[in-house]
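Worksheet: the structure to be examined is printed underneath.
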Amino acid sequence: MIGTGFMARAHSHAWRTAPRFFDLPLRPELAVIAGRDPARTEAAAAKLGWSGHDRDWRRVIERDDIDLVDIVTPGDTHAEIAVAALEAGKHVLCEKPLANTVADAQRMARAAESAADRGQLSFCGFSYRRTPALTLARRFVQEGRLGAVRHVRAQYLQDWLSDSASPMTWRLDRVRAGSGSLGDIGAHSIDTAQWLTGQRITGVSGVLRTFVSRRPVLDQQVGLGGTASADAPLAEVTVDDAAAFTASFEDGALGVFEATRMALGRRNANRIEVNGEHGSIAFDFERMNELEYYDGAAADDEAEGFRRIQVTDPAHPYAPNWWPTGHGLGYEHLFTHQAVDVVTAVAQGTSASPTFAEALGVQKVLAAVASSAADASRWTEIDEETR
Amino acid sequence: MIGTGFMARAHSHAWRTAPRFFDLPLRPELAVIAGRDPARTEAAAAKLGWSGHDRDWRRVIERDDIDLVDIVTPGDTHAEIAVAALEAGKHVLCEKPLANTVADAQRMARAAESAADRGQLSFCGFSYRRTPALTLARRFVQEGRLGAVRHVRAQYLQDWLSDSASPMTWRLDRVRAGSGSLGDIGAHSIDTAQWLTGQRITGVSGVLRTFVSRRPVLDQQVGLGGTASADAPLAEVTVDDAAAFTASFEDGALGVFEATRMALGRRNANRIEVNGEHGSIAFDFERMNELEYYDGAAADDEAEGFRRIQVTDPAHPYAPNWWPTGHGLGYEHLFTHQAVDVVTAVAQGTSASPTFAEALGVQKVLAAVASSAADASRWTEIDEETR
Amino acid sequence: MIGTGFMARAHSHAWRTAPRFFDLPLRPELAVIAGRDPARTEAAAAKLGWSGHDRDWRRVIERDDIDLVDIVTPGDTHAEIAVAALEAGKHVLCEKPLANTVADAQRMARAAESAADRGQLSFCGFSYRRTPALTLARRFVQEGRLGAVRHVRAQYLQDWLSDSASPMTWRLDRVRAGSGSLGDIGAHSIDTAQWLTGQRITGVSGVLRTFVSRRPVLDQQVGLGGTASADAPLAEVTVDDAAAFTASFEDGALGVFEATRMALGRRNANRIEVNGEHGSIAFDFERMNELEYYDGAAADDEAEGFRRIQVTDPAHPYAPNWWPTGHGLGYEHLFTHQAVDVVTAVAQGTSASPTFAEALGVQKVLAAVASSAADASRWTEIDEETR
Amino acid sequence: MIGTGFMARAHSHAWRTAPRFFDLPLRPELAVIAGRDPARTEAAAAKLGWSGHDRDWRRVIERDDIDLVDIVTPGDTHAEIAVAALEAGKHVLCEKPLANTVADAQRMARAAESAADRGQLSFCGFSYRRTPALTLARRFVQEGRLGAVRHVRAQYLQDWLSDSASPMTWRLDRVRAGSGSLGDIGAHSIDTAQWLTGQRITGVSGVLRTFVSRRPVLDQQVGLGGTASADAPLAEVTVDDAAAFTASFEDGALGVFEATRMALGRRNANRIEVNGEHGSIAFDFERMNELEYYDGAAADDEAEGFRRIQVTDPAHPYAPNWWPTGHGLGYEHLFTHQAVDVVTAVAQGTSASPTFAEALGVQKVLAAVASSAADASRWTEIDEETR
């Protein structure tokens, strides 16, 4: 594993837990974790259960006993590490966003394509796909329960930046973060929407907005939260606080997307609704164990309505390996499911979705939104060739 | 009253009911109802409780015993009737949309302005404003509970056109209806958003979509619903099935709007959410007696969450005149409240909102959305002068 | 109409409104309203739209031009008025509770039985039955959608007595009110449960509780609410604040009932849930336009869940006469529906439910609960003969 | 660990996971797991991550390197193992129910009391207490947010026995299971109610019901689910399918409890609502990350309503050690939290709740309900001495 932050904790738990609840064809071994700060890395190894630790990721990817490299560093470092790991013959799981730029993402996708010829897997961590309710929603689309899709309505609403006095962080600096709400959380909505409907986004019209343009700088960088003193110097926020865009899908559906970190009261409302000719689904991650489903195909007018499916039944994705019906799962289960799918794909020599190519597709939509926003929201096509 | 259709029923009930539950300064008398078809008009008069009936609206507006003319005909006839009624010295209540074109709406607004100098009231029937929960939401904004508004998220979702085989109606014909979902229901969202926030929309980027471009023609025009035979001739749908647009408000808030009659399972989901710096509100007309409110100003981290206010308390707008707390109201109450406010304004000689000028403002936003949609979603300003 | 209080307002509105929305075989005329206080009665006649007024109900029931007597006085006066009206040859609609005692109720039921032989209708105003969602729920039971009923879970939760300092009212005096939460609101739950399931309650075990045993007396009796001064004298509360009981239904279902006016935050949560072998329904009057329905008969494990039916579709009870789908109704519609059903029954010479006999059945369950509560919650049968 | 079934999986995960997310004073080591079937026990050790395995639990409790014995066997074996383990000087964590009989539970409580003098901890696994939302609810009670408690409304609704044709299992056999829904799930409600309010239940009136008295026997006993062939022999169900009881709490609150495994559509609706003089809370385990809270103390009539608290904020119990706000937890987290609390108590030499004495209190309430149900629901006191 390369990286020791928040996502290292989630991924480590997943590798540790997957074989305890699922029958895997291979048993993952947590060999080594790499990070720049030796003390912090050693502590992470102990806390998270890794056998070894290293301050140099290059040394890690050269080790013969390593089969898979799990990259959980910030986005601007993904390309270098992932390409090197693929060239070193490793399978690669890389956290989202694939990269901070389309150019980097393209380089990674090309490297992944070459590696695939050598039997190597590349996989991007759009973990929300592994929410059982969303996997079920996709199954409904594939089974034809919704019929032709007309509307995709996706919102990713958070509120941790609502306070105008909350301090500057690296996430608000374009150089380091690449993007604001659009790339951080809007990317999830784009990936979910394309995967769930099985359709690519072909064009967008977008707008970006920064509500708080300057924020106080704390003496030493802290995590989220914290309050700066009144005389703290101010730094420029160089990313968007919120993004909104309309979109067309390849079979004609109309998409409306919104991403913000300033929707006060919405903690992690990663929502998507899809309306088809024969049915609809609606999902909100704040109630991640539920899927709302409307069945318009049955001719039973007096009994029709959105039904709240608790996605914890043995008939549901991933559910039989956990608890009895009605006993819900939590956020980290997405990563455990991801680990299960990655290990299975590695063992079977199959491809696993989302590939780097799919993640590049998300990156292109993000770039098109930003480009449209910079040009008076003009409709911007996502060229089929480059998609 | 001019018109004998669906809205005639709602307005008649309101005029009849308002004095029974509210202490009005004037008692409305239902003098005469006018419609083109004599038999139908006579029947309407009997059913809805009007003393007289007439086949010529011109005769009605000339009667000395008429003080107020209530126009509930289709939008393309509003301008002619309203202007004539105002010139005849009557107060006018006109159903929304004010008109089918900006030009007509401007003509009406000018006539209303002149009439106002003579003490006449002009009022446009954006009745959703009279939902107690939305009136309360506006009060919250005005009390400063939300602080600076950042996000407006408005959706008006219906599903009665979802079936591709449902027949052609005059509502799908641009000549007669003026517009599709945008003008029919999107107009409500625009009015609510501007009124609730107290801010004008200054620019938009829009997209319109027609999913079902041809529909079967029935032998004789029927109401909503009905199914055509397989060999019925097809007619072209010339309005939008769905509309989506992003918007800027004058103080910088970001708006995201969507209107559709094809969101299967959503019957009348007229929704609006507003996120401010200190609080948020959320509303869905499918649960019209409730307002969701998030208070972010209180420093009580462990107890914060959206609260479901049942807007039926004596402290709430319109509520004390109805039933005990927890006993909800229905759709027609909006019209009764409107009647109360109109009668009160007439008696007091005050202006009543929404005026024709405000309704013209809504019309301009609609026109700007359509214009943007026709020009690759290019950002389109709504000029302050003409607003 | 006999009585001029809160219910007079609701019933008057219903008589006025029913013929405007429904095609009735007879047109109700609001002839005369009677009350003890002449000034108040005259004002009520004017406000509520009655042609005449009288201070003596006996004079009213003797009038030849009166066909139906609508009794909306307090419960302790029902028997005398209703029996007299029936003996005078009138149809009678009597508000719930039928009476304050089983003996009175029996007297009324006997009078009603005799009157029925003469073609007269007697009807008790358990108006919640006319909620479209509950009428639909009953239809589901009758259609067999639920199969054999196992559980009935009914709660009627209000909170207007939560404040220990809120003043004494006649509703808290056993002599005048007969009973507290049990008879006032628990009676609704009992009637709904028996009617909805089509099964009688055969036995109960109950408990009653008074949380605030003394309350301040105000100088002059006011309505609900109001606060007494600190030195106000205290009066004894002689009815129950809350009631709870378990129950058996004739086909073996298990009932759990609770009624309280001290469930802080619950305004008018009149709830019922029924679980059957093949399906379930759940209802809460705070969302009176919705019915939750679980269909367990379909073998579609991955898509099962409670569905939220908006009971506003043309396929639903009473709905076609009102507004388009998704436009909800309010509390007073129950009375309008009741008026429709009563007028129809009168015109057709048919019986209308709930009859006085059915209301007597409710009274017997109430008496059994009180009796059980007074005897250490001992199981108390409701004898079939006397039922 | 003694036992290899469903709960072994949950507890093993907890011991493994607790030190990865919490800073514990001691690090748990998964030394040995014991079970009767050697092959199954060996497999469990491998799957669940235990260093050793043994077919004899007596050998395990004699090992010097064992500090804590975790008992996850069926209820009828608890007393023997727990008492032996306590006598062997071990700390003991025992799954609920503490025992199948009050006599056994008393024996265990006495052994625990003696062991406590020797510094040994005894702890009963009522894991629902460790739901962050319920821990928060209790904190609200303790902070005085609710004021004097008046109503406790607890339901534990499941539906896995709804199908009359589903086969006989050991859980439906009184000899092995001790009780049906009452002891299996009603016990959780009782524990939660007493702990949350801080008040003991002093008396009850109960009723038990068995809806399906005979069920088909399968050739070989399988887990939940499965369908028997038409000619399968039938066995008698000797436990209750459902239980309901009213209750008094020591400070006068009125409780209404219901437990069933036949509430079709309710998967794991472990619900509790508490109404106090100044506030209310409501919880449903099907939405375990949420707590509904009504604050009646604030005099803000126009803004009052139940608020939906997402119990994932750093201010909330257990939450800071997991994920960012809005990222929910799942069922197994209860066990991880329990492990954290047990390890902390062991390290600090403090007592940990629920003790065996508290669990005995729950057992006495269960016994009183059963006794009341067998005696015409007669009110049954739970004697303070023996409580």
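Labels A, B, C and D are assigned to the chains in the order they are written; within every chain, residues are numbered from 1.
Following the convention adopted for this analysis, a residue touches a chain if its C-beta (ideal position, glycine included) is under 8 Å from a C-beta of that chain, and two chains touch if they have at least 3 such contacts.
As the structure is a computational prediction, the values presented were derived from the model and not from experiment.
In terms of the stated touch criterion, the partners common to chain A and chain C are B, D, listed by label.
Chain centres here are means of the Cα atoms, and by that rule the chain farthest away from chain D is B. The centroid of the Cα atoms in chain B and the matching centroid in chain C are 36 Å apart. Chain B and chain D have Cα centroids separated by 54 Å. Our note on geometry: chain C versus chain D, Cα centroid distance of 40 Å, whole angstroms. Shown for chain A are the residues in touch with two or more other chains, namely 266, 304-306, 310, 313-314. Those residues of chain C that touch chain A in the shared complex are 136, 139-140, 145, 290, 293, 295, 301-310, 313-316.
Partner chain B is touched in their complex by these residues of chain A: 150-151, 153, 155, 159, 162, 164, 205-207, 209, 211, 242, 244-246, 252, 254, 256, 258, 260, 262-266, 273, 275-280, 294, 296, 304-306, 372, 376-379. Residue ranges on chain C touching chain B, taken from their complex, read 9-10, 12-13, 16-17, 20-21, 47-49, 158, 160, 224-225, 266-269, 285-289, 310, 312-314, 322-333.
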